[in-house]
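Lettered A, B, C, D, E and F in written order, each chain numbered from 1.
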Amino acid sequence: MTVFTVFFIIFLLTLMVITALAIVQTKNLFAAAMLSGIFSLMSAMIFFLLDAADVALTEAAVGAGISTVLFLGALALTAENERAGTAGRAAALAVVTVITAVLVYATFDMPRLGDPNAPAQLHVAPWYLEKTPEYIDVPNVVTAVLASFRGYDTLGETFVVFTAGIGVLFLLGKAPVGQPKVSPAMTFAGKTGLRHYQIPRVVGRLLIPFILLFALYVQFHGDYSPGGGFQAGVIVAASVVLYALLEGEEQARQALPAWLLRLMAATGPLIYGFTGVACMLLGGNFLDYSVLAHDPVHGQHYGILVIEAGVGVTVTGVLISIFHSFAARGAK
Amino acid sequence: MSVEAYHLAVLQVVVPLLSAPFVVLLRPRGLAWAAASAASAMAFAIAVSLTAGVLSGDEYRYAVGGWAAPYGIEIRVDALTSLLLLVVTGASLVALLAGRRSLDVDIDDARQPLFYGAWMLALAGLAGIVVSADAFNIFVFMEVSSLASYILIAAGPNRRALPATFKYLVMGTIGATFYLIGVGLIYMMTGTLNLADMAQRVHEVADQRPVLAAAGFIIVGLALKAAVFPLHAWLPNAYTYAPHAVTVFLAACATKVQIYVLLRFDFLVFQGNLPGHEFQFSHFLMPLALLAILLASGVAMMERNLKRLLAYSSVAQIGYIMLGVSLLSATGLSAGIIHIFNHALAKGALFLAVACLGMHIQGLRLGDLAGAAKRMPWTMAAFVIAGLSLIGIPGTAGFVSKWLLISAALAEGSLGIAVVAVVLIGSLMAVVYVWRVVEAAYFQSPQAGSPEGRHEAPPMLLVVTWAAVLGNVYFGLAPGLPIKLSQAAAASLLQHLP
Amino acid sequence: MSPEAAILAAILLPAAGTLGILLAGRFSANLREAVTLTTSVLLAANVLSLLPDVLAGARPAVHIATLVPGIDIAFEVEPLGMLFAIIASGLWIVNSLYSIGYMRGNNEKHQTRFYAFFALAIVAAIGVAFAANLFTLYLFYEALTLSTYPLVTHKGDENSVRSARVYLGLLLLTSIGLFLPAVIWTYGVAGTGDFTDGGILAGHIAGPAVGLLLGLYAFGIGKAAIMPVHRWLPAAMVAPTPVSALLHAVAVVKAGVFSILKVIFYVFGVDFLAATPSADWLLYAAAFTILAASLVALRQQNLKRLLAYSTCSQLSYVVLAAALFKPLAEVGAVLHIAAHAFAKITLFFAAGAIYTASKKTEVHQLRGIGRRMPWTMAAFTIGALSMIGVPPTGGFISKWYLLAGAYEADNYVAMATVVLSTALNAGYFLPIIVLAWFAREEAAPGSVGAAAASGVKKDHGEAPFPAVLALTITAALTIAFFFFHQPALQLASEISMGLP
Amino acid sequence: MEILELYNYWVFAILLMIGFYAVTAKLNLVKKLIGLSLFQSAVFLLYISMGPVEGGTAPIFHADVTGRVFSNPLPSVLILTAIVVGISTLALGLAIIVRIKEAYDSVEENEIRELDRQ
Amino acid sequence: MIYYAVIVAILVTMALALARALIGPTVYDRVLAVNMLGTKTVLLLAVAAFFIGRPDFLDLALTYALINFIGVLAVLEFFRVRAQRSLAEEKEGE
Amino acid sequence: MAMVVDVASWVLLTVGGFFVLVGGIGALRMPDLYTRMHAASVTDSLGAMLVLGGLVLQAGITLETVKLAAILIFMLFTSPTAANALASAALLAGINPGLAKPWRQEPRS
């Protein structure tokens, strides 16, 4: 956290603010989607510099990969340009100024960036850094806290993803009423896909296996380096999106049929949940992995491994089924 | 005496949570509903046994993952928690049992497993919020329940359900993010996320400004989620266009859980530590509550659509709860808390009656209800009794909370008189908007086209509606349980005040 | 049958009666009528069985449930409650008899619903009579309002719905708006709401607050029809006559006045009120109501509305007597409840009989009706005389004690009011009697067309036999009360003796 | 120099308000959702800027970083969950917008309100 | 110390690319800008990993390289569809 | 010896940085889409090779070098493909390169 890094961050923060203003100003929704991709790219960079590698990886994967694809999927089915302008501008600005005043008023007493004896650094954080090698013995403390110390949060997070999955399936499951307003020609990843783009198909076919391999690496290497179930899931989903783009949505459907995706989306959270229940059956509290094996530390390793797998399966299943719902919506 | 490793506390959340993926995988017709009802019944049984435990004096504390309090996430069940759990699981069970036929109409078979899965997630989310004693964990489960509620509401038959859900999604997310900012600011100043731990460490903080800002953000965020008066814009449309069974479930408990979080946060963490915060809290919330009662009831009186009328009445009733809470006295707080229970009963029964009406009458405008009493006598009788409970006629649950609220207000001296006046005007307005419906149903002659003869709602729906109505009367005459729980809760929340 | 069991029976019997009527109604009208009559007779017997104990000074009580420590549902029979219960249950028998005749005579629809809600209203009335504390009183007071609402809207036409809206709106407005805060204020201040001799508020509350609390009670109990909250009474006249007869002459309005007496005797305490100057306004409000209502009654053409306003003024007699805070006046008040009940129910029966027989409702149509309906008009005359307070009728007794009480309190305003209102009573009753007996039926052709147009039957005989029978019984009771008012007097003196 | 330390929080405030303005003032539903995701990513910035410690490094133990001061892992954990919540809400919101487009053939709030009023 | 120059260079390039993204008359300019920013981020991540002394964080750069490629292709597919649709509408127009 | 490696990597990095910068300026100043793409993508590959080469020198023979190599290979594959796909999409969309126009109509002075 040298002085140069501080300048580095301030420069990037300024770029972010400019991008944010541009996003709100631009009328073309596609441009807004692309700019929000850039926005999350820069925030990933900043998180990386603020010593939050896991978050940077997640933000990069989600920001550039999934949210861009989601926005494009939605824009393909709805209008691309913003027709209406703004309404109630004065009221919104008034509220905005009030809240900003409150926030700035509060910032003056906040601890400085990187101040070692800020309260946040003193109470719970050092305990985690100190006790992780002893109890869980996993190099990546963030994964340890995420999976074991606050495993209950991550269980909730997995179910949030699961809810989003069944939500999109529920909303876009029903065939559109009457004549679909979306003309079939507007398919997002139509039957043809980028078929007649020869070069991207060749490169794509070459790369997809590596991407999947890398995803598995991120999944099971989460204990040692930034990574984990969620990031791996996103990368797998991104590779399937690439496959669908290149080979066309139908082939992607045959590769991973809808029922399999629904099964994955459902079994992921069950894997996570039943690991917790298994801990209860073996005498520990819910999600207390130390009872899973004779030696508590091994138990923690098994526990973390299994629940990360659960998260990975859930995220993969959910994201791909979401993508298929959006893509199929256009094709019908 | 707190029983550490008593698994019931965490099972309360885990059972509905893990039942959701199962329900989603159940293909055959009707099985999804059956599994959901079974899981909901189990959750209700757990809630009842937890309440029994709490009544016999012990308070459950459960460290999830085996890690002690400030480091791991802790689950805590005390009097206030068990009251809320009863309301949440009870409402879900009743709505599910009653709603089978009406939901079959709204949702096609292929998507029913998804719908019931979302229902179980909403139940699990709400239960998760209520039992959790960790600030960030509350946020996670708040999101689980909110996302699931968006799905449930978007399942409404009418196309207007979609914009209503979108508005709810946007405002709900802003509320949750405000709450997240508040928790972030507190974490920045105290270094912990556990509520009890936070309560001890807040007054050690040298500079109070961020903590005050955090209090502001949390109160506004939760007020937005709980549809407290000025921030209630999403509630009327969301409840009106959601399927009937969903309205029964959400109207009874969704906003109440957010009020619960507001109470737990403000009374435990902020009021003890920030000097004079309790006055800020009551001076900020009481006028809003009074306005809520007057304006929302006023709008309800003018409203033509039956469900929107009851939705606005919910906003007014939330005003009563906040009024009771902002009186800052033991009786006031217990009045507010018990009204959470009583309003869930009254409003649940009313919306169940609306569900019965919905089965045979197209459109729920007052004009369509003309002569409904001749065709559906039992349903309208249930509606009248539930309406009386909403008004607060003695012998019904609503009266008990009105009684406690007025006696708490009277103890406040001169200010109390104004509060009592508003409460009574509110009840009289309730008389008007309930009686408008009764007169339409009983005395106006049905339009020409409507079919003759008597055909009641499906038996299961009617039986559950009448069970809810009799529950209203029972807790009106023998409110021992809720009163005991609410007084214990009020005592525990007010430990810090002199 | 122990007194406690008797009290419970008194409450449960009419409730069982309601269910019985509903079931019987499915089979046949006669069975339903039989069930009504038997229930009313059993209830009256049950209530009377309690009389000896109460006269002996015992106060049987039974405790039902405790909502919150300090607030519970409990019953206790004390002399005032006893008297009111006897009147209500006794006259229920006569009224059932009468309504059989009336309903059959006018072949009204939904009779089962009518009798069922009637019995329910009696349950509420008995509940009010035997209430042991303010909360139970309030509980049954509201139940009475709600159970009589369907009776008022019995016809279901637009006119009855609109007036029922006034009826319910005003009663709920006053009960929720004023009575409930008063009750809660009392519980808050005195810590309990139980009715105890000598009152519970003494020492807990002083100065203007007493007047304010008394005001909340006086105007909160809308059923006592003190101006300006009396408007629901004329509006309720749209109901069928048996309803107006029992409810608005006996049960509903009497419950209102009865509650006010209970509040004055057992919550404030008579001597506590006598001592505080801020409570004197009640007397003037009552006096004003008496005079104003009588003046309005003078100009009424519709017979039932005339009787309604007369009830308004008569009720305020009781309130006036109570507001004198003197033992003798208390006795007068209690007796007046009984006397007015018998007289007014007779008058309403007569009005109903006239309507059944001849569909006549306006005073000017009653020319020479005496010859056609001798029994009805005789009873009407007796009732009217009792209202005025002429010696052979019960009315005289209560007015006598009233005047004695006023004299004892040497309150000239009260005495003047009583005398003046007696004159006014005479003013609006005597012309009817003269018109009915001495005027000749108009032979002029003009009126025939008008009369025929309004469905008025020219050559009609007496009303149906059960109605006439009920009429004569109540008329006899009015006269009998003059001679055998001993038990009532003892009950009344028991109440006032109870007060120091 | 000390002012620059607080720059993170001010950018948080500015981004928060840009997002809030977009959500409240813009009529296009997709633009509202973009504003909402901006609003949420501002909060991520608030949490993460609590994390780093002067001279500390990422809390992942590695051979050549033993013995150094480590930054706080907790904000990272919380924000990992918050990102997931953000993307889930976004996905659900977009699905609702697609359904609204099919039901109303418009994604502008004022037009939808107009269509509902008839 | 040796990374200052390259980091500043990449940052300035990113600023320029952002300017192009904002100005970008046609949509394809924006796509180009995004692609540029993507590749520059990969480089910046790699250099920053070495700069803050944690070379084991290169996975981040690798992930980003993959995701960026997919993002750009998704955008291009979106435009191919849009172009096809405008062609189809013109045919219907005649 | 370490000094030489550092100096060499610094040189590589700075030259790489220079080329990246040139690409950036080119993207901004070029008149037409295709020329901008040319500027950006060409310098992109060269800049990446130089910068990553500099980093390889810094990392020496460790796992990082393998990762750097993987990144380099991957970038060499994807960015030209992306540029190609972008160009063909733009052509399909009807943006034709401004061949006809001379570079700049300078008034003959």
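We take it that a contact is a pair of C-beta atoms (placed from the backbone, for glycine too) under 8 Å apart; a residue touches a chain by one contact, two chains touch by 3 or more.
These numbers were taken from a predicted model, which means no experiment stands behind them.
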Task: If a chain touches subunit A and subunit F alike, it appears here - done: E
Task: Shortest path length from subunit C to subunit D (each step joins two touching chains) - done: 2
Task: Most contacted chain pair (by C-beta pair count) - done: A-D
TODO: Please indicate which chain is farthest from subunit E, where distance is taken between mean Cα coordinates of the chains.
DONE: C
- [ ] Would you mind checking which chain's mean C-alpha position lies nearest the centre of all protein C-alpha atoms?
- [x] B
TODO: Sort the other chains by how far their Cα centres are from that of subunit F and give me the top one.
DONE: C
Task: Whole-Å gap between the CA centroids of subunit B and subunit C - done: 45
Open item on the list: As a quick test, compute the distance in whole Å between the mean CA positions of subunit D and subunit E.
Closed with: 21
- [ ] Can you check how far apart subunit A and subunit B are, centre to centre, with Cα atoms defining each centre and the answer in Å?
- [x] 32
Task: Separation of subunit B from subunit F, taking each centre as the mean of its C-alpha atoms, in whole Å - done: 59
- [ ] Specify, in ascending order, the residues of subunit C that touch 2 or more different other chains.
- [x] none
- [ ] Note the residues in subunit A that touch 2 or more other chains, in rising order.
- [x] 51, 53, 75, 103, 107-108, 110-111, 118, 120-121, 124-125, 128, 150, 153, 156-157, 160, 163-164, 167, 171, 194, 200, 207, 225-226
Task: Residue numbers of subunit D (touch at least two other chains) - done: 16, 20, 50, 57-58, 60, 62, 74-75, 78, 81, 85, 88-89, 92, 96-97, 99, 103, 109
Task: Interchain pairs in contact, sorted by label - done: A-B, A-D, A-E, A-F, B-C, B-D, D-E, E-F
Open item on the list: For a test of understanding, state which residues of subunit E touch subunit A in their complex under the given definition.
Closed with: 4, 7, 11, 14-15, 18, 21-22, 24, 27, 30-31, 33-34, 37-38, 41, 44-45, 48, 52, 54, 56-57, 59-60, 62-64, 66-71, 73-78, 80-82, 84-85, 88
TODO: Name, in rising order, each residue of subunit D that touches subunit B in their complex.
DONE: 16, 20, 23, 29, 32-33, 36, 39-40, 43, 46-47, 50, 74-75, 78, 81-82, 85, 88-89, 92-93, 96-97, 99-100, 103-104, 109, 112-113, 116
Open item on the list: Per the contact definition, I'd like the list of subunit E residues that touch subunit F in the complex.
Closed with: 2-3, 5-6, 8-10, 12-17, 19-20, 26, 28-29, 31-33, 35-36, 39-40, 42-43, 46-47, 50, 55-56, 58-59, 61-62, 65-66, 68-69, 72-73, 76, 79-80, 82-83
TODO: Report the residues of subunit B in contact with subunit A in the complex, numbered from low to high.
DONE: 5, 7, 10, 14, 17-18, 20-22, 24-25, 62-67, 70-73, 108, 110-111, 114-115, 117-118, 121, 124, 128, 136-137, 140-141, 143-144, 147-148, 150-151, 154-155, 185, 187-193, 201, 205, 207-210, 212-214, 216
Open item on the list: Taking the touch rule as given, give the residues of subunit F at its contact with subunit A in the complex, in rising order.
Closed with: 74, 77-78, 81, 84-85, 88
